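Common to both upcoming complexes is chain A, partnered first by chain B, then by chain C.
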Partner chain A sequence: MKTVFKIAKKALPAASIYFCIFCGLMIAFTFLAGKDQEKNFQATKLDILLEDKDNSVLSEALTEYLGKENEVSEDFNRELVSELIFNGVSDYVVYIEDGFEEKFLSGEQGGLERQSIRANVAFLDEKIELFFRYVRAELALGKTTEEACKAVLLNCEKQAKTVVTSDKGQSMLSPGYYFFTYISYILPAILIMVLGPIMNAYYKKEIKMRTDCGKLSTRKQNIAIVSGIAAVAMMLWGLLMIMGVCIYGRDFTVSTYLCGMFNSFLFLLVSVAISVLIGVLVRGGDALNGASNLIGMGMAFMCGVFVPSEMLPDGVNKFAEFLPASWYMKNVRMLYETDNMADVIGEYLGNCGVIAIFAVAIFCIFLVFVKRKRVV
Partner chain B sequence: MNTVVKIENLVKRYKELVAVDHMNLAIEQGEIFGLLGPNGSGKSTIINCLLSLTSYDKGEITVFGEKMRADNYSVKGRIGVVLQNVAVFDELTVYENIDYFCSLYIKDKAKRKELVKEAIAFVGLEDFVKFYPKKLSGGLLRRLNIACGIAHKPELIIFDEPTVAVDPQSRNKILEGIQELNRQGATVIYTSHYMEEVEQICSRIAIIDKGQLVATGTKEELKSMIQTGETIRVEVPEMTDEVLFGLEKLSHVLSVEYNEGLATIKCSGGRHNVLHVLEYLNNTETSFGRVFAEQPTLNDVFLEITGKELRDEVQ
Partner chain C sequence: MVYYLYRVKRLFRNKILFFWSIIFPLVLATFFKLAFSAITEKDWGFDTIAVAVTTEEGSTPDEMLISFLEEMKNEDQAFFEVTETDPETADRMLSEKEVTAVIVVGEETVIKLRENGLDSTVVKTVIDGYLQSKDIFMEAAVTGKLAQVTEAFSDEMETLAVREFKGASKDPLIQYFQALIAMASLYGAMYGLMNSNELNTKANTADVAARRLASPMKKIPTVLADVAAAFTIQYVQFLIIIAYYLLVLKVDFGTINGWLFLGGAAYSLFGVLIGYCIGSVVRQKENIQNALMMGTVMFSSFLAGLMVGGLRITIELSAPIVNRINPATLIADSMQALCIMRDMDRFATCMIGILIWCVALIVVSVLAMGFRQMAEGRRVKNV
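Now for the complex of A and B:
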C-alpha cells in the first residue's frame, strides 16, 4: 500500500494541475452564474405615468393591462413630468387623449401618445401594440369592445411558466449544482492520471512476473493494491466533498448534499473502474494524459456537463445513455429541479442502480484484461 | 548431495512450436549450474516453468523436494529471481525498490532494513540509494535488479541472462558477486549465451538447443565429449603440400588448415602434440615463427554440439 502511495505521489503534480484548474473554473463559474444571472434575475416593474382623458372601455382596459406588470400612476401633473423623468422616478409616459376609443374603432391613428425615457423600456411600445392587435382580433370575431377587452385581459392572466436560461441554455440552478456537475468531469480525469500510473507500474509485464515469483500470495498482493487504490480514491473524493461543504455549505440542504454525495460516491466507483481499466490498457504518462482528456472531456461533453443535453443532437443524447456520467447528471439535475426529493426518490435510486451496474461491468472488463495479462 | 531442483520430462508447447522438449535436469545443492543455449533455445521458458510463471504441457518440477506450483509460497520464499528484463519500479528509488521486493519475502521491517543495506553493499550501489532507476546506467540498473532478487538471502538464486548489455566492469562485478553468493551457500542457476561467462563461473553446465538437452556435465566433461582436444597454431611463412599432408598423417592430428602464413592443426587428445608437430617441421626443414597451443573452449564444445548454422530467434 505504501508503494501505491509513492507511485500516486509521483503522479500528483500532473493531477493537481487538473484539480486546481477545474476547481478554480468551477468556483468561478458558480459565483459568476450565481451573482450575475440567477440571483439578480427578477421581473422588472416599470414606473408608468398615465393620463387618461378618454375614460372609455378601451382606455381603461389598456390602463389595467399595463398595470398588471408595471406600476401605473395616474397622478398626472404635466408640469412635473419633466422633473420626474429627469430624476428617474418614471420610466414611461402614456397620454390617452379624448376620443381615443372612437379613433381606434374607426381604424384611425392617434389618440395615444407615448414617451420612452430609456431605450431599454422600448419593449413597452411593442407590448401596447400587442394589446391593440389582440383587441382587434377579438373585435373581428364579432365581440363588443367591452367583451373584447375583457377577453384580452383574461388571456393576459394565463401566463406561461418561465424557465430562465442562460445564453447557453443551461438551467440556472443553485451554485451547488455546478459543484456536483463538475465532479463528473474531475473524478475520471484526475483518477486516470493518478491510478493509471499505479496500474501501469504493477501490471508492467516484468514487475508482474517478478512479484509473482515472491512469497506474497497473489490475493495478498491484490488486497494491497486495491487498498491503496481505494485509499487514494477516497482521499480525492473526501477532499472534494469537504471542499463542497466549505464553499457551498449554505447553499446545500441536508437532503441535497447527502443525495449528491451518494450519487458522486457511486460515480467515484465508476471512475475508479474506468481508471484501473485504462491503467492496464494504456501505457505511459503521455498516453494516460491523452486518455484522461479524451474520456473525461468526451464523457462530460456528451453527458451534458459542459453543454446542456438539450442543445445536443438526439443521436448524441441517445449514445450518452450508454455512458455512466449521463445517469449521474440525471440525478444531479433531479436534485436541483425537485422541491421534494421524496417525490423522485424511486427514479433517483434507479439511476444510482444504473451507475452501480456501470461500475461493476467496467470492473469485470478490467478483471478479464488482468487475467489475460497474467499468462506469460 | 541434495538435489535442489529436479525437472523430469518437461514439455512446453506454444501452439505448434515445442519450446521445451522432454527436458530432464537435476541441480544439486551448492552448484552454479549453467544453462547454455543459443537465443530461442528454451532457456527462459525452462526458468518460467520452474518458477511457475507459465504452465507446461507435461512433466514435473520439484524444488527443495516439493512439487513446484504457483501457490507453493514456502518454496517461492527460498528462491531468488533475477529475470532477464530489469524488473524495477521507475517511480521508486534504488532503496525503495530493493525494500519493496524484499518485502515480498520478509515482513519484519527491522530485519528487512538490514537485508536491504547488505544487498546494496553487495552490489555496490551505496552511492545511488536515492537515485531513481531512470538516472542509472545499464550496468547499475542490472546491479539493482540483482539486489532486488537476492536481498532476502535465498537458498536458490536464478539468474536469467543478467549481463545482457552491460559494460565489462559491471559484468565482472556481477560475475564475482554470483560466485560470492555461491560461496556463501546459495545454489545458483545461471542462464546465458555468453560461453566465457558460463565457463568462468559454472561448476556444471547444460547445453540446450531447440528445447532439448543436448549435453550436460562439468566443463571438462563437456570438452571431453568433442573430438577436438587441442588446437595448435604455428606461423609458417611457406609450406609445401608435401609438408601439409605429412602433418595430417601425424598421430592424433584431426585436421590441418593453412591460410596466410598460419597453420592451424587440430588434435584429438594425445600428449606432447606440440612437440610432435615442431619435430616434424624441423625434420622437413620448414622454418616457422611463433607457436600457440590452445585447449578446447566451451565455445568449441557449443559450436560442435549445436552446429554452426545461424538460428532464427523464436521468443
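Now for the complex of A and C:
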C-alpha cells in the first residue's frame, strides 16, 4: 500500500493540472451562474448596433422604440461590424441612411437596412415593420411626425400581462449543478493519471516477477493494491465532496447533496474501473496522459457535460446511452429539475443501477486483461 | 537530402509527438463537430413556435387574434403553430412542453409562459404588437378615421431592407475550428524542440546529440535539414487536418483557395521555430522545456478562442495589441480574414505579423545557439 501511495504521489503534478482546471471552472461558474430562474417574465434582450445618419425625429423614435426591450448601441467600430456579427457579439445591425425620414413620408422605399446572420431574429423585422405601420396609422389620424412618433412610443407601453409558470425547483444554472456535472469529467481524467501509473508499475513484467518471488502471497498482494487504489480514489472523491460543501453549501438542499453524492460515488467506481483497465492496457506516462484526455473529454462532450444534451444531435445522444457518464448526467439533471426527489426516486435508482452495472462490466473486462497478462 | 529523409523518419516515429500534433487535434475537431453541429441550428435557426390559445369562461373567443397569429410568416415558414383549446388542456400542454406559451383571451389578455427565453420573447412581442394595433384601431373608430387607419395599416410597403452579411460562412462556431488549427500548428513546436534538444549535449537526449555532433556534417546544414524535416511533417499534418475538416467533418470553412495553403506553410514554420527558440533559450531539463512549450501553446490558443468562443473579438475590442502579437490569434485571424471575411488586407497584416515573429524567433535561436557554442568552446579550452 505504501508503494501505491509512492507511485500516486509521482503522478500528482500532472493530475493537479486537471484539479486546477476543475477548480477554475467551479469558480467561474460561481460568478456566471447562481441566480435562480426568474418567476417574472424577462425578455431576451438582443444586442443591436444602430448607425443613424439621418438623425431625424423618425429615426430617433425608432432608436428609442428598439431600445425599450433591447440593448442598442450607437457607439461601435464600423470596421469591426462583420466581425461583431460573425462572433455573435452583436445580433442585429440597423443602418439608417441620411434622408430616410423624407423618403418614408413621401411613401418611397429605402434608407433603412438591417444585417444579421441569425434566422430567429425575424420577429424583430416584424416589430420594426409594425412600428412604421403604427406611425403611418397615426399620421393618417392627422398627427404630425413628431406627434405620431410620440403616440406610437406611448402606445408601446401597453403590454399584455405575462405569467411564467416554470415548475423548476432549483435552477439548472445553479453552481451546484455545474459542480456535479464537471465531476464526471474530472474523476476519470484524474484517476487515469494517478491510478494508471500504479497499474503500469504493478503489472510490469519484471516487477511482477520480482514481487511474486517474495514471501507475500498473491492474495495479500491483491488486497494491498486494491486497498491502495480504494484509498487514493476515496481521498480524491472525499476532497471533491468537501470542496462542494465548502463552496456551494448554500446551493444544496440535503436531498440534492446526498443524492448527488451517492450518484458521484457510483461514478467514482466506474472511473476507478476505467482507470485500472487503461492502466493495464496503456504503458507510459505520456500515453496515459493522452488516454486520460481522450476518455475524459470524449465522454464529457458526448454525454452532455460540456454542451447540454438537448443541443447535441440525436445520433450522439443515442450513442451516449452506451457510456456511463450519460446515465450519471441523467441523474444530475433530475436532481436540479425536480421539486420533490421522492417523485422520481425510482427512475433515479434505476439510473444508479445502470451506472453500477457499467462499473462491474468494466471491472470484469479489466480482470480478463489481467488474466491474460499473468506472467507467473 | 539523405540526412533530411532520416530526420523525417526519426521525427515521424515518435508516437507521443504524433499523438499530440495530429491525433489529438483530429479527435478534438470530431468532438467539436459532434457537440456544436446542432447548436447554431437550435440556437440561431428559425423554428415555428407552438402556442395554445384559450378563452376565459364568459368571454368570447378572439378569432382575429388566431388568424393574426396564423398569418404571420417568415419567408414561407409560419411563425406560430396555433392550437385552440380549453384552459385545462392548454395548461397541460404548457407543462408538458408541447407549447411554448398559452394565450388566455379574456377581459385582459394574459400570456402564460413556461420559462424565459427567445421564443417566449417572440410570443410576448407579437401579442403586445397585436394589442397595441387593436388600441390604435379603437382610437380611430372613436375619431371616425377608421378607413384611413385601415388603409395605412394594410399598406404592404416594406420599409426595412435586408443587407446581406458579406462573410463566406454564417457559422460562428467555425472560430473554434480555426483556433484548433492554430493550436495544431503551434504544436509543431514539439518537433522544433525535439530537433533542438537532439543537438544539445545537456538535454535528456544527450547521447543522440553527441552522436549527431560528432558526425562530419557541418552544423548549419544539420540545423537546416532538421528544420526542413520538422516543417515537412507539420505541413503534412496541417493538410491532413484541413482535409479532415472539409471531407470528413464537412465543416463550412468558408472560401478555400491557394492562399490558405501558403498560409499553412507559414503557420507550420512558425510552430517549428517556436520549439527551436524554446529549446535554444531555455537550457533546463526537457520536462521543464515541454511544460513551458505546452503552456505557451495552450495559453496562446486560449486567447485565440479555443476554449471560450468570442474571446478573440472581446480582446480585439478591449486590448487589440494582444491580438496583433499572440501567435495563435494571428493564425486564427488570418484564416478568418481569408476564408470567411475575404479581407486580403487583414490577411496580409496577419501574415506579416507571423513573418516578423518567424524572423525574431530565428534571430533569438541563432544567438542563443551561438552563445551556447561559445560557452562550450570556452569550457573545452579551460579543460
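Operating definition for what follows: the second predicted complex is superposed on the first by the 235 of 376 C-alpha atoms of A that agree within 3 Å, B and C clash if a C-alpha of one lies under 4 Å from a C-alpha of the other, contacts with A are read in each partner's own complex, and residues count from 1 in each chain.
The rule is short, and it goes like this: a contact is a pair of C-beta atoms (placed from the backbone, for glycine too) under 8 Å apart; a residue touches a chain by one contact, two chains touch by 3 or more.
As the structure is a prediction and not an experimental result, all values here were calculated from the model.
Colleague: After superposition on the shared chain, which partner residues are touched by A:287: those of chain B (first), chain C (second), both, or neither?
Modeller: Second partner only, chain C.
Colleague: A:127 in the overlay: touching chain B, chain C, both, or neither? Say first, second, both or neither.
Modeller: After superposition on chain A, A:127 lies in contact with chain C alone.
Colleague: Using the superposition on chain A described above, determine whether A:349 touches chain B (first), chain C (second), both, or neither.
Modeller: Neither partner.
Colleague: Once the shared chain is lined up, is A:110 touching chain B (first), chain C (second), both, or neither of them?
Modeller: The second partner, chain C, only.
Colleague: For chain A, which side has the bigger count of touched residues, chain B or chain C?
Modeller: C
Colleague: Check whether A:212 is in contact with chain B, with chain C, with both or with neither, and answer first, second, both or neither.
Modeller: Only chain B; A:212 stays clear of chain C.
Colleague: One more residue to check, A:239. First (chain B), second (chain C), both or neither?
Modeller: In the superposed model, A:239 contacts neither chain B nor chain C.
Colleague: Does chain B (first) or chain C (second) touch A:6, or do both, or does neither?
Modeller: First partner only, chain B.
Colleague: Please identify the positions on chain A that touch both chain B and chain C, taking each partner from its own complex.
Modeller: No residue of chain A touches both chain B and chain C.
Colleague: Which residues, counting only chain C, touch chain A once they are in their complex?
Modeller: Touching chain A from chain C are residues 15-16, 19-20, 23-24, 27-28, 31, 34-39, 42-47, 72, 74, 79, 91, 94-95, 108-118, 120-122, 124-129, 131-133, 135-136, 139-140, 143, 145, 148-149, 151-153, 155, 157-167, 170, 172, 175, 309-310, 312-314, 316-317, 336, 340-341.
Colleague: Where on chain B does chain A make contact in their complex?
Modeller: Going by the criterion above, the answer is residues 48, 51, 53-54, 70-71, 73-74, 76-77, 79, 81, 83, 85-92, 96, 100-101, 103-105, 148.
Colleague: So in the complex, the part of chain A that touches chain C is made up of which residues?
Modeller: That would be residues 37-38, 41-44, 69, 77, 80, 82-89, 93, 95, 104, 107, 109-110, 112-120, 122-123, 125-130, 132-134, 136-142, 155-156, 158-168, 286-287, 290, 293-294, 297-298, 301-302, 306-307, 310-313, 316 of chain A.
Colleague: Going by the contact rule at the top, pick out the chain A residues touching chain B in the complex.
Modeller: Residue list for chain A touching chain B: 3, 6-7, 10, 197, 201, 204-207, 209-217, 375-376.
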